[in-house]
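Listed below are the structures to be examined.
Common to both upcoming complexes is subunit A, partnered first by subunit B, then by subunit C.
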Partner chain A sequence: MKHTNRIVNLLVPIVSVLLSFVIGCIIMAALGANPATALQSLWIGAFGTMRNVGTTLSRATPLIFTALCACFAYRCGVFNLGGEGQFLMGAIVSCVISTQLGITGLPAIILCLIAGALAGGVWALIAGVLRVFRGQNEMIISIMLNYVATLFMGVIYTSWLRDGSVPQTVAVPDETQLSRLGDLRATTAFILALVVGLLVYYFLFHTSKGFQLRAVGLNMTAAQFNGFAVKKFILMSFIVSGAIAGLGGSADLLGTQFRLINGYGSGYGFDGVAMALIAQLHPIAAIVVAIFFAALRVGSTTMQAATGVPTSVSDIIQALVIVFTVAGLAMVKLPQFRAVIDRMATKSVQKKEAV
Partner chain B sequence: MEELLRMEHITKKFGDVYANRNINLDVRKGEVHTLLGENGAGKSTLMNVLFGLYQPTEGTIYLHGKPVRIESPAQAVKLGIGMVHQHFMLVEAMTVFENIILGDRNTKGIFINHDARKKEILELSERYGLDVELDKPITDIAVGAQQRVEILKALYRGADLLVLDEPSAALTDQEVEGLFDIMHKLTSEGKSIIFISHKMREVLHISDRITILRAGETVCTLNRDETTGEELANLMIGRELTPSHYEKIENPGEAVVALENVDYDKTSKHNGLNGVSLTVGRGEIVGIAGVDGNGQSQLAQVVTGVLTPDAGRVDLKGSHVAQFTPNGFILESVSHIPEDRNKMGLIGNMSVRDNIVLKSTDTPEFSAAHGLFLKKKAIRDYALKMQEKYDIRCSSIDQEARNLSGGNQQKIILARELEGKPDLLVAVHPTRGLDIGATRFVHDTMIEARDRGCGVLLISADFDEILEVSDRIVVMFEGQVMGVFSGKNPPIADISLAMAGK
Partner chain C sequence: MISEVLLSTVRMATPLIFLALAELYSQRAGLVHIGLEGLAAIGSLVGFLVSLITGSPMLGVVAGAAAGILTNMIFAYATITLCAEQIVYGMAINIFAPALAAFIYRVYFGAGSELVQVGLMSTLSQSLGIQSNNFIVQLFLDQTPMVYLAYILVIVTVIYFNRTKSGLNYKAVGEYPKAAATLGINVIGVKYVASILCGALAGMGGAYLTTCYANTYVDGNVAGRGFIALAAVIFGRWTGGGVLLACLFFGFCDALQIRLQVGSFGIPYQFFQMIPYVATILVLALLGMKKSGPKGVGKAYLPEER
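Moving on to the complex of A and B:
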């Protein structure tokens, strides 16, 4: 029973990806390109050379952080849609510390990362407090806080820390930037993302508090009746998920972005939510999904240059993956579908017994 | 008086279970006919048959002497049957007027002639004293007024026979008086009413005739003038005392929990506590008898720390409780079998194994380094042991708890709540929906816990269950304690009267 469930849950995203690519290929063919060549150039663009792999991993890094942020909050049953704002608050604080305090090097990096995580956590906590103590809808509050964070960043790069005539901040000093992984474009920020992913996985599935947090997320009333401090868990999940996003913003700023500019971070939050849902809130799966999406994005440029298929075809494929997975996951929860699966499972068991 | 409705030999089976068995009921023109019976006596099933929601397995319904088949509520309405459900079926965002004309099939054409409709409705409301404000949205009017809207709706659709399902449950005393005035007006104009209630006082006050149902069968039909509350209560509970399987204890140990004048939301008659004083001693089972929704849920939640009382004192094992949190009570080894096992007891999407250890993953037995590392193997072994001990039938302990049958779900909760050897066990409807075998198992387990010195507070709407296992029986009515009785040779007539609020 458990195994069939697992297989179904794994099959849904895989089938969704295949379906999305089939439709993508039809679109490519309709545009007059050869789908095989287009897909090949997409692959080469994403993973063909070490340089491209580096680019893909570096693009994946912020997405991994926001996807983990969403995973963590949703596991506790709260819908933190403010990953983007928390990510930006982390980046903003790191930008200020690295450029204004006059410290550089490793101490500055550590300070930036810690402060970034704190900033993200505090930013998320605003939504958490309003949810727990005032009964407000955390989705609306956290989305609104995204706008506040974006506009706050705007004030910084257009006036307070403006770098001369261009509307952007001064860059993070060279010594404070995160080092690259060998020759790759990806930096230690990617390693940090992997470590955070593993920690989240370990916490959720191998610690007592993580177990309780999942119980709260699945049935708050029962969790309360069984003596869990539900409010504390909710507040904690807001803080931690915000801190993950804030850490991501901080690491991304020190690793690849270096300065705050117009449009920075836009879409990261919702991308993370979509990826967390495709990964079915599993942190390790979220990392894989984030890399997959980054690959589609990075590879599409090569595809456009080589075959003339516009990058928007890649956007279409990404969107279709999300639509199919969400629809697929809803479908497998239908009682009719369950009945079919159960029948198949019993049949296979009977067959085995017959043999 | 002329006969309006006759239901003859109505039988309704669900699978192998009889919900109604050979029921006879006749309602005359212009009378209030009460259906009296405990929870699960078959009143709702019978009314659903009448309203076309169920088809009877056997039996015939006659209206005005002619046999009819009622296949849908729409057809019931057409035949002049109106139902006022206990939970009103009104569209809250719409006005009273809109609710009344909603679904009216007499409307011809696309447009509604508002003025003509309003005039008709106003005439009806004046005739029967159903005072409502037509242009107010439902959300803005009181519960009593909402009920009048429901009655008006039924009358507007041409009902001659009104079914009022526990109409007084949600009303204040004054509103109940108003309702009775309306009922008198309706019957004096020739309408008939089937009145469903648990409350002896009201039944004796308003009915012309009373039909008593018990365990899906008609006991008898009596004229109001020829009966008494005692007789009705006895007929309703209707049992000779069957000797209990269990030995009853008369001298319990010191108090595990003691409540003194506890209030919780005491103006609410059905979801509150009003000056409740109660003790549960070590090694005794205190059964709370009473019709569902007289404050039992709130009592259970106060003594497990889920709700904080508004006033009064609660002592747990001799020390005053200052802060009410479920965890605080759990640490004082209070166990809880909550009333809704799916909503409150289990995490349905987690496995049987996870649900068994739900409360104890912080203990060194199941996790190392203060919960930093779950001992999965220890958890698994323990869960397997519990599966065997409590005979939890599942395909594997990794199966999700929601996929198990009710009895096996309850066994998961028993395994979790009783294995820690609690000092106080609060069990709410612990056998609801279970078969005989599982019920017996739950009772044996409770008795075992009692004999070990655990105090048990048993709350159940099943009177048989209360009689079977309780050492002491406390009756609750509208949030108050109506009486305390011995569980050994319990005075059934007195208890049933107390349950009916007398």
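Moving on to the complex of A and C:
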């Protein structure tokens, strides 16, 4: 029975992606483009050359971090919607350290990454403390903190660390930038994202603390009766998820972004939530989904140039994937649907036994 | 200056009132909806387009409400019929609806077009031809019909939930749906009605932003109001009157922030823009543990389990 569950849980996102692409193609056709050409240019734009693969992976890097942030928090039953703010706080702190302290090179990189993770963790902790000690809704708090962080970044690039007449900060010095992977545009930040993903996976599924954390997320009352330190786990998951997002902000700033400008990081937090939900809170699956989302974004630019279909079609496809996946996952849990699946499963087992 | 801030408070509180009432009607039927931000985004885009095409901001608001209802039907079907988790699905709406709004805007106006502007709804005193700088006249007459509608809706809501049998039935669905069902109340029906009301109100709240407040549409123009409205419902203790006061408070914070930006005092303007968001956090933090929301909120209702 567990086996069928797995297959169904894997099928739902795949069917959702296919459905979303079908609707995407209908929209493309309605806009007067040939869907086949459009999809082809989308693919070439995302994965056609090694150069494009590099761009896709570098675009995926920040998304992987925010997706892992959401995965970790939700596994503990914490709805941290503040990934964007935590990401930005990490980037802001790294920007200040790398451009203002006068240190460069590897020490600066290490200091930036640690400080970025800390900044993200502290920013998330505000919501965590209010949730645990004041019983408040962490979703609203963490979203409000996103707006505060975005505005604070605005203060940095328009006033405090403004670089001349343009509203942006100076770039991270060359020596402090993360090195590229060969000639790809992707940097070691991508490797760091993969490592964090593996660590999160290992912690959640192969350690006893990770097991306890998931137990808290599944049933807080039961976990409490089992003597788990529920409050500690909740606070910890706020800090760690925030730290993952903050580390992401830091790595992305040092890897590809280099300076704070208007609109940086916008939407990354919600994107992370969407990817985590499509991946059903599995860290490794979240990485795959993040690369898929990044491919859609990078490829859509080529698609626009080749066929005139606006890039926002890819946003629609991404949004549809999440709308379908979440609905689909709920649908397969309905009793009526369960009955059908169970009957099919027993039948196939009987068939095998008959053979 | 004080009169200026008060006038602007009324203007800034109005979209919040619509959005908070949307949340109130949804939660009273047991549906927590964190997707108001998305519903408002699509309402604001459709309101803008229709008002631009027809030249009538009123029609824009109606269309915004219709767009809100249509979008919210996705949420309703997924959470009521498919029993999807409400918070998760609200989040999905928050991602889907703004993407749709941005897409429609790009397709309609083409990429890289200049900012299109639209005429705003005229205020009562403008339509009556009254011109006065008197504060009282301005406060009560120099408002768009949407403002009056918002306050009328608050009064109607208070009466409906406290004085009518239908309102009590409606609340019963949010408190304890199984008990409500044994009393012969159509739980699923009430939840769908709630979703229609919620979609319409949220769509109108969004349309207010492009038909009465700003004369253009920009992505992200809802600017967190959907979530502030969510806080207003908690702050207002799930009652019509409380929600109104909470919205006026948050509207005041917004008005204050706009006024302070003009003064500037050498402080980066972003610090003033933070005021509404920080105020929301502080209000929730000071509010403490007391919970008085509908008991059945957030839980799926499966009729088979009766």
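Here is the rule we go by: the second predicted complex is superposed on the first by the 355 of 355 C-alpha atoms of A that agree within 3 Å, B and C clash if a C-alpha of one lies under 4 Å from a C-alpha of the other, contacts with A are read in each partner's own complex, and residues count from 1 in each chain.
Here is the rule we use: a residue touches a chain if its C-beta (ideal position, glycine included) is under 8 Å from a C-beta of that chain, and two chains touch if they have at least 3 such contacts.
Remember, predicted model here, so these are calculated numbers, not experimental data.
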Checklist entry - Should A:318 be classified as contacting the first partner (subunit B), the second (subunit C), both, or neither? => result second
Checklist entry - Does subunit B (first) or subunit C (second) touch A:79, or do both, or does neither? => result second
Next on the checklist: In the overlaid three-chain picture, which partner chain does A:136 touch, first (subunit B) or second (subunit C), both, or neither?
Outcome noted: second
Checklist entry - Touching A:334 in the superposition: subunit B (first), subunit C (second), both, neither? => result second
Checklist entry - Should A:310 be classified as contacting the first partner (subunit B), the second (subunit C), both, or neither? => result second
Next on the checklist: Let me test your reading of the model: by the given contact rule, A:277 touches which partner, first (subunit B), second (subunit C), both or neither?
Outcome noted: second
Next on the checklist: Which partner chains sit in contact with A:152 here, subunit B, subunit C, both or neither? Use first/second/both/neither.
Outcome noted: second
Next on the checklist: Which partner chains sit in contact with A:295 here, subunit B, subunit C, both or neither? Use first/second/both/neither.
Outcome noted: neither
Item to check | Dominant toucher of subunit A (residue count), subunit B or subunit C | outcome: C
Item to check | Which of subunit B and subunit C A:215 touches, first, second, both or neither | outcome: first
Item to check | Overlap of the subunit B and subunit C footprints on subunit A, listed as residue numbers | outcome: none
Next on the checklist: For a test of understanding, state which residues of subunit A touch subunit C in their complex under the given definition.
Outcome noted: 31, 79, 81, 126, 130, 134-137, 139-141, 143-145, 147-148, 151-152, 154-155, 158-160, 266, 270-271, 273-274, 277, 304, 310, 312-313, 315-316, 318-320, 322-323, 326-327, 329-331, 333-335
Checklist entry - Which part of subunit C faces subunit A closely enough to touch in the complex? => result 34, 74, 77-78, 82-85, 87-89, 91-96, 99-100, 102-103, 106-107, 111, 220, 223-224, 227-228, 230-231, 234, 268, 270-271, 273-274, 277-278, 280-281, 284-285, 287-289, 291, 302, 304
Checklist entry - In the complex formed with subunit B, which residues of subunit A make contact? => result 1-2, 5, 206-209, 211-212, 214-215, 218-219, 221-229
Item to check | In the complex, subunit B residues that touch subunit A | outcome: 304, 306, 325-327, 329-331, 336, 338, 343-351, 354, 358-359, 361-362, 366-367, 371-374, 376, 395-396, 398-400, 403
